[in-house]
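Data first, discussion second: the structure below is written as structure tokens.
As written, the chain order gives the labels A, B and C, with residue 1 at the start of each chain.
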Amino acid sequence: MTKTNPGRFFEDYAVGDVITHAVPRTIKMGERALYHALYPARHALHSSDQFAQSCGLPFSPLDDLVTFHTVFGKTVPDVSLNAVANLGYAEGRWITPLWPGDTITATSEVIGVKQNSNGKSGVVWVHTTGRNQHGEVLMSYVRWVMVRKRSDSTAPEPVIPVLSTVVAPADLVIPHGLDFTSYDFALAGEPHRLGDYSVGEIIDHVDGVTIEEAEHMLATRLWQNTAKVHFDATNRTDGKRLIYGGHIISLARALSFNGLANAQMIVALNGGAHANPCFAGDTVRAWSEVLDTAETQAPGVGAVRLRLVATKGGAGVLRGEDGKYHPDVLLDLDYWALMPV
Amino acid sequence: MTKTNPGRFFEDYAVGDVITHAVPRTIKMGERALYHALYPARHALHSSDQFAQSCGLPFSPLDDLVTFHTVFGKTVPDVSLNAVANLGYAEGRWITPLWPGDTITATSEVIGVKQNSNGKSGVVWVHTTGRNQHGEVLMSYVRWVMVRKRSDSTAPEPVIPVLSTVVAPADLVIPHGLDFTSYDFALAGEPHRLGDYSVGEIIDHVDGVTIEEAEHMLATRLWQNTAKVHFDATNRTDGKRLIYGGHIISLARALSFNGLANAQMIVALNGGAHANPCFAGDTVRAWSEVLDTAETQAPGVGAVRLRLVATKGGAGVLRGEDGKYHPDVLLDLDYWALMPV
Amino acid sequence: MTKTNPGRFFEDYAVGDVITHAVPRTIKMGERALYHALYPARHALHSSDQFAQSCGLPFSPLDDLVTFHTVFGKTVPDVSLNAVANLGYAEGRWITPLWPGDTITATSEVIGVKQNSNGKSGVVWVHTTGRNQHGEVLMSYVRWVMVRKRSDSTAPEPVIPVLSTVVAPADLVIPHGLDFTSYDFALAGEPHRLGDYSVGEIIDHVDGVTIEEAEHMLATRLWQNTAKVHFDATNRTDGKRLIYGGHIISLARALSFNGLANAQMIVALNGGAHANPCFAGDTVRAWSEVLDTAETQAPGVGAVRLRLVATKGGAGVLRGEDGKYHPDVLLDLDYWALMPV
């Protein structure tokens, strides 16, 4: 009869269930200021109302990852509490920009379950949707996690969703009004347009940031993500706090400004792996690989598909000879961003 | 002829004096964002404008403790600078919610003085009132501190105020318009209503947060609380910075979401003790005891009186056999909050 | 053919060049809240809309150093990336207050170059101007840095600008409408007016703050200052992160409230030296020397010229017998502020 949240176990997920995640959250300019303090974020569209207006938007939207983190944070009490591992992301799409003053709510539909052969855990796939106060979809994505079982209950019929490995360019949603025909490259910080990037090109983002406990905790709390491992040094026997994987995503994305200053808005998350854990004291660097480019219907706006790698080591190194991620690699993210053609 | 503030000594307080505290402060959404980054605060009424509107409020007020910390911070240069100990709180009442854009000012009336038998210090009672820019009372509370004497001056006539040990339910002020009849428990995060809690019930809030120097200093500075001991590592011989007691109050209150998600607004502070000092590196947990419940005049709104304990140890442990606080206990707070019936 | 910014070398600066710095930045109340969390800033004009209104302003402007830090941060990728040393500031003037919602852009004109005799580096002088979204000048200042050469190229014709050692009182720009005739000294925190200060007077600001890595990084990032040395612990062989000199300026200025609470607005930066590097763990104190006072045309408004010294040691100590800065001294800043007469 405990009043506290015990979290859901594998048995508590049935395909078709829709979970309403708690605590709607109003996001304003305070969150943007903190985002800029926590990450070396400099993309002009998210920094200046006037720059955003010169690109056809009413004013500067929050960084796209603010939507992701806030929605993700809401799912933690319902999805992550008894999760053993965060296995993957797919089919993430940003549909509507997040404007200051918007209130975010989130729901998740269970779209797959598969018990592990050990009978002690299983994989759960959820399709999570974040909405604003008008009911408009801000973003949605599929995530799958390994979750502990509560008991020796019978395995459910396995349902494994078929997921795209990449969001098709035709399915990318371009923010209403976006127009890069008058794009100011000098104010944006770099002269490189979509045509200047080649598929296969590797960009070393050069800069590094050494991680502090206080900073990753401030960030993770800001998204109301309450997972114990990020905050409680007594939770692991080595006394370390595990850093929220999304902190590394935002850090790497911000570092990627240096070489990808014009990859202005994230519109799709094709996939992602948190390759190795990260701890305070680690110095995080980032590199990108250009995976694809595409046209869009919006004037002057192209799309670039990027692999973004966060690492404690050098650029270009991803996997060892055994095919496993190199121990220095923290994050391997596959996303689409919008860039002037 | 120093230009800096030497602080008040025991001799500088006379019953009936009213002290105007310096530096009015405008609070907006930036402070709310920081509050959410500094504490795992998730109470829905303070997180979402839409949720607050569904409860009859115009939009989401700042967390009630923001008012307390800001008012308290203003009193520090006048009350705490030569204080040896913060002895207690009583009769704290929140009268008007703090809305973004409000400017807080504070005054304190001296309501009691009593010199200690050692002749070197004395106890001072002040009744502190915080007001908004319209002159409306935001909150008021009584606090008493032990203050050093400047000299061997004669002891003043002792005046010891008679203080209530608890704010009577009839004296609780319910924010104008508050209505919990359409309260959305799913969005709020827990299904428990007032009737689900029993007097004497203990709630272990489970989660822990390990404290960082940067975080408690950011928080304490945010309230313009300038007490040296919180910021200057050379101030104590052990090189430790003493953590502002209010930081522990906010941390424990935020942790109490897990089990008390529907204890939405703090309306009274009946009493409180900072049982032991807290330092960076400590992992803080919290537990609550239900002390009482009461009805209010507002539709669907009840009140719950809670003991909130912050501790470095386990739930339920408060005092040793000697009647003294257990060394693990950091905070013992007694307050009223509003909860759907 | 790297996509990342290699920075400018000495050869890349020619007198008369105007550099447009990247990434305009909209500043709102979130940045103010962070400023108050990062520094013990308490000057009433920057804390309260109502106090600012009582001084003739429409509402409370951002702290003047927010303008400086944001403008300075924008120049880093173009001026500091290959800089060996930040040599000095001169002729800094604040022209228009920074209001919440303003967007800052910055440009720098190269006004001097002089190759060093070693042929490996040179000094570059830039006149930097920050503007708001209306094109109005927020502030401007001259800064000179020592920059590495890329190659053995021929030295350019040296051009050494003639710089004033102090901004003349007649050149100080008083914010439109500023009026201190109804100034509330009690709310501002101290009774001292301009006439109470004597030229040559030393004020020990008493309080100290021990610096944390997380705090100086949050602050420096907030201004989108991306200089590697502040963030990357692997950048120096001793594993230390060098603290942004501007962090020390803001910290010392905030500490100077205690004794200079009425030095409300900074209107000129006459000069400044970052005397010694500062690292996390250092406890920073501050003292001021009154260098001059002046009248202004605005009602009730005077100006005070102050030397602001940040130090790890005691008040009043500036240089050793050798004329060099004492090793404890971190900052020696010369500025004009406005104060009620």
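Keep this in mind: a residue touches a chain if its C-beta (ideal position, glycine included) is under 8 Å from a C-beta of that chain, and two chains touch if they have at least 3 such contacts.
Just so you know, these numbers come straight off a predicted model, no measurement behind them.
Where the sister copies chain B and chain C meet, the same residue numbers recur on both sides for under half of the interface positions. Between chain A and chain B the CA-based rotation angle works out to 120°, given as a multiple of 5.
Computed from the mean C-alpha positions, the centre of chain B lies at a distance of 36 Å from the centre of chain C. Each of residues 28-31, 33-34, 212-215, 218 in chain B touches at least two other chains. For chain C in complex with chain A, the residues that touch the partner chain are 2-5, 20, 22-26, 28-31, 33-34, 77, 101, 103, 105, 133, 212-215, 217-219, 221-222, 224, 226, 228, 231-235, 241.
Those residues of chain B lying in contact with chain A across their complex are 28-34, 36-40, 42-44, 47-51, 60, 186-190, 192, 196-197, 203-210, 212-215, 218, 258-261, 281, 283.
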